[in-house]
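Once you scroll down, you'll see the structures, which are given as structure tokens.
In the two assemblies presented below, chain A is common to both, partnered first by chain B and then by chain C.
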Partner chain A sequence: MRPILEVENLSISFLQYDRGARRRVLPAIRRLDLTLEAGQVAAVVGSSGSGKSLLAHGILGILPYNARMEGTLRYRGEPLTPQRAAALRGREIVLVPQSVGYLDPLMKVGPQVARDREKGRGVLGRYGLGPETGDLYPFELSGGMARRVLISTAVAASPALVVADEPTPGLDARAAGRILGHFRELAQGGAAVLLITHDLELALTIAHKVAVFYAGETVEEAPAADFARREDLRHPYTRALWDALPQHGFTPIPGTQPYPGAIPAGCPFAPRCPKRQADCGGAIPYQTVAGGRVRCLHPERGEGS
Partner chain B sequence: MGHRIQFAAKKLLRMALLLLGVSLTAFLLMSASPLDPLQTNVGQAALGTMSQEQIARLEDYWGVNDPPLERYLGWLSSALRGDLGTSLLYRVPVVRVLGERMGSSLWLMAAAWVLSGLLGLTLGVLAGACRGRWPDRLIRGWCILISSTPAFWLALLLLMVFSVWMGIFPIGLSVPIGAEAAAVTLADRLRHAFLPALTLSITGVAGIALHTREKLCGVLESDYVLFARARGESAPSIVLRHGLRNVALPAITLQFASISELIGGSVLVEQVFSYPGLGQAAVTAGLGGDLPLLLGITVLTAALVFGGNLCADLLYGAVDPKIRRGAARR
Partner chain C sequence: MSLEARGLTFGYRRRGKAVLTQVSLALRPGERLGLTAPSGRGKTTLCRLLSGYERPDAGEVLVDGKPLAACRGPCPVQMIWQHPELAVDPLRTLGAALAEGWAVEDRVLEGLHIEPGWGKRYPSELSGGELQRFCVARALGPETRYLLCDELSAMLDLITQAQIWQFLLAEAERRSLGLLIVSHSPTLLERLCTRVVCLEELAGGGAQPLL
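Our next item is the complex of A and B:
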């Protein structure tokens, strides 16, 4: 089946002025790859600053004016140009934003969910919100209500691609699980769901595949099932993430993700990598290994294993 | 509703205290003034030909020898009874002078207030919506030029161009010279008020437009506008649906706060156009040592400014859902 969304070697950089009039190009995303099929939930995990939200804004064509995007972005097999993105966003491609701050604070919720009153009520009702919710202002919503309102803004259209940017922070595990359940329903309805999150554990509860971002690169794309066993994971960073999960001992690794503009040549994870070798400073291919893809010269999981 | 009445009552109490302070300050400044009311109003030459008794009677009239505290307390106690005293220069009750002057100034200021508010908001929204492009640069440049131009200089310029060179508008006053009061038409009044009102409007527009532009730029960079874009809303729709709504609240504050600038500006502008309004009376009273009139004008204008701010506060409660809903739930 043809994928809904294909991201190949995507880079997003910012033109910045620092110290007076000197301009510099700040690469925020350098090598992102991702494919997403209809009916699938793909989780994009990575820590803050790995370029997750930028990917979302890039797909929707709403990057700031000083951003430059290069590489390939295809929607239903056709290049997703800015013009095409502008025509599709809000209709076929929808964003579920992070927080209630993405709603106009001075406009009632109802008209923000859908301009058509009846339709708005219907969509809110689908998520267990009564018609009175439409008459509330965003500041009157509780955390869980706000999430459901934000999802209903997406469902008011009939989306083929749902981009959810951190839809669960600030919710307890049960509420977060319920919200993620709604995304799984959307996928079961035929939509492709791109779930952007830093919560690997939660993402694994609904995702079919997981893309791991590190310092603006996709380091691994793996079926969610691979996360059941440490040995099935390919990239050392993915294994480090796995080790850091509470049920696997909460083990951290030293160091921090490098900032954009200070990323070493070659593999950005090399300075923190336990398996680092001399050639890690050179070109790193994105290779297919055992049904997943990994950007590593010395993947942990070999072709045969 | 109760909370709003309580709020207004608190504000009114504060206003009473403020007016007391303003009148006291104006009085102290006046007592400290080096101007001798006798020399200013009677003249050195005339004083020289007067007998001591005449001078003593004049000094009595202008209150030169009374202790300041006694004078202020005297003014205050009658002011509290509603009697603002008699203007020493015009020799009629201060209330009547205020009423007449207010009548002509009110037209002027109301026209300038509405015009500068509407024009400023429109230009500000236009500049903000086109930020960085040529309409924005043009509007911003013009606003900065205007805000760095003194109001009286602009008044002189307009007077020169439209009244002296082109002869379209009268050179001053609020009614035609030599006309009977009964013969003065509304058209006459409007023609006389036009240039002063225009001057006040032009100077008022700049600040409102620049502030509105800044606010709109902030709104357009907000997360909710980003989300509106992500949902496929067009740029004009975003400005109209979200921009205007979120600019409205600061615009209200700005519009009512501009009353104080308007009153300040009218003092200079009325002086240039010899327009017999409140501002001109304030100058005359200040220079002529007419204490009751000056105090009357000070208190009246302070009350106007305070009233404007009070209106803004109350409107906020009606417009902002956070205040309205929040207070209603208590």
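Our next item is the complex of A and C:
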């Protein structure tokens, strides 16, 4: 089956003014790869500054004017140009934004969900929000209600690709589970769901596959089932994430993710990597290993293991 | 010796519904008490009362038997907030923000993986995880006896979360600090705490949802 979304070797850089009229190019995303099929939930996991939200904005075609995107972005097999993204967004490709800050604060919720009053009520009802919710302003919503309203605005159009940017922070475990359940329903209905989050634990409860971002690169794409066992993971960073889970070792590796502009040549994880070798400063291929993909010269999980 | 809340009742509006009703709790030095409750039930409000940012409508907060309001000098109860970007002055560098509290020891900076160059930056130039490291360092002054950690690591990635907590646990152990740890994550609370309570269990009159 043709994937709904294919991202290949995507890079996004920003043109900035350094001092006076001197300009410099700041690479924020350098090598992102990801494929997503219909009916699938793919989680994009990474710490802040790894380029997760930028990918979402790139897909929607809503990057700021000083951003430059290179590489391949295909939607249903055809290149997703900014023009095409503009025509599709809000209809076939939708964004569930990070916060209620994306809603119009001066407009009641109902008309923001759908122009048609009845349709809006129907969609809100699907998420357990009564008809009275439509008459509230965004500031009157609690955290959990706000999330459900944001999902409602996105799915009123019956989309084929849903991009959800950090949909769960600030919610208790039960509320977060319910919100993620709504995304699973969307996938069961045939949509492709891209779930952007820093919360690996929650992502694993619904995702079919997980893409791990580090410093603007995809370091690993793995079936979610591989996260059940440490030995099944391919990249040393993914294993470091696994080790840091509270229910596993809760042991951190030292250091922090490098900043755009200060990322070393070769593998960006090399300075913190326990398995670092001399050749890690060179070109790093993105290779297929045991049903997943990994950007590492010395993957932890070898071919055929 | 303990941080004690006795029958705290508090509402943000004079005639509105109380957020907390008759809440009592005791936190001993060296103890790591986990606090959990669904969203909007007043966990953060309780922390604000315990650290003196708000005054209760009824009840009192005692630090080692003395009312919190009677403490002079740096407050022995320090709070670390869920959103570090809102807890630092956006117009001052982080070095300045850190210096106004106490002379932070190098040991603390190293333990929290704070890099020397970050002190010259403004809050908008650092990530949430990096800002939170500064907020933790700032709260660990020599007078601090009790630390209230309100969703300290909810927005941090796993490795940063583990780094900050490993340091904080060692520091609490060394100085016999009492920690109140607010979190939604059962696995995190189980890993960190010596005891976990639900906010409803602490309330005499039953906690009301905040509207």
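The working rule: the second predicted complex is superposed on the first by the 305 of 305 C-alpha atoms of A that agree within 3 Å, B and C clash if a C-alpha of one lies under 4 Å from a C-alpha of the other, contacts with A are read in each partner's own complex, and residues count from 1 in each chain.
Just so we're on the same page, a residue touches a chain if its C-beta (ideal position, glycine included) is under 8 Å from a C-beta of that chain, and two chains touch if they have at least 3 such contacts.
Please read these numbers as outputs of a predicted model, since none were measured by experiment.
J.: With the two complexes superposed on chain A, say which partner A:Ala164 touches: chain B (first), chain C (second), both, or neither.
T.: Neither chain B nor chain C is touched by A:Ala164.
J.: Per the contact definition in the header, classify A:Leu245: touching chain B only (first), chain C only (second), both, or neither.
T.: second
J.: In the superposed arrangement, which partner chain does A:Val155 touch: chain B (first), chain C (second), both, or neither?
T.: Neither partner.
J.: Using the superposition on chain A described above, determine whether A:Arg174 touches chain B (first), chain C (second), both, or neither.
T.: Touch status of A:Arg174: second partner only.
J.: Touching A:Thr256, do we find chain B (first), chain C (second), both, or neither?
T.: Second partner only, chain C.
J.: Is A:Gly49 touching the first partner chain B, the second partner chain C, both, or neither of them?
T.: Only chain C; A:Gly49 stays clear of chain B.
J.: Find the residues of chain A that appear in the contact set with chain B and again in the contact set with chain C.
T.: Touching chain B and chain C on chain A: no residues.
J.: In the complex, go through chain A and note every residue touching chain B.
T.: Interface residues on the chain A side: 57, 60, 62, 86-91, 94-95, 97, 99, 101-107, 137, 139-140, 153, 157.
J.: Hey, which residues of chain C end up touching chain A in the complex?
T.: 36-40, 82, 113, 115, 127-130, 151, 154-163, 165-166, 184-188, 190-192
J.: Please output the residues of chain A touching chain C within their complex, sorted ascending.
T.: Against chain C, the touching part of chain A is residues 46-49, 142-144, 169-176, 198, 200-201, 240-241, 244-247, 250-256.
J.: What residues of chain B sit close enough to touch chain A in their complex?
T.: Checking each residue of chain B against chain A gives 223-224, 226-233, 241-242, 245-246, 248-249, 320-322, 325.
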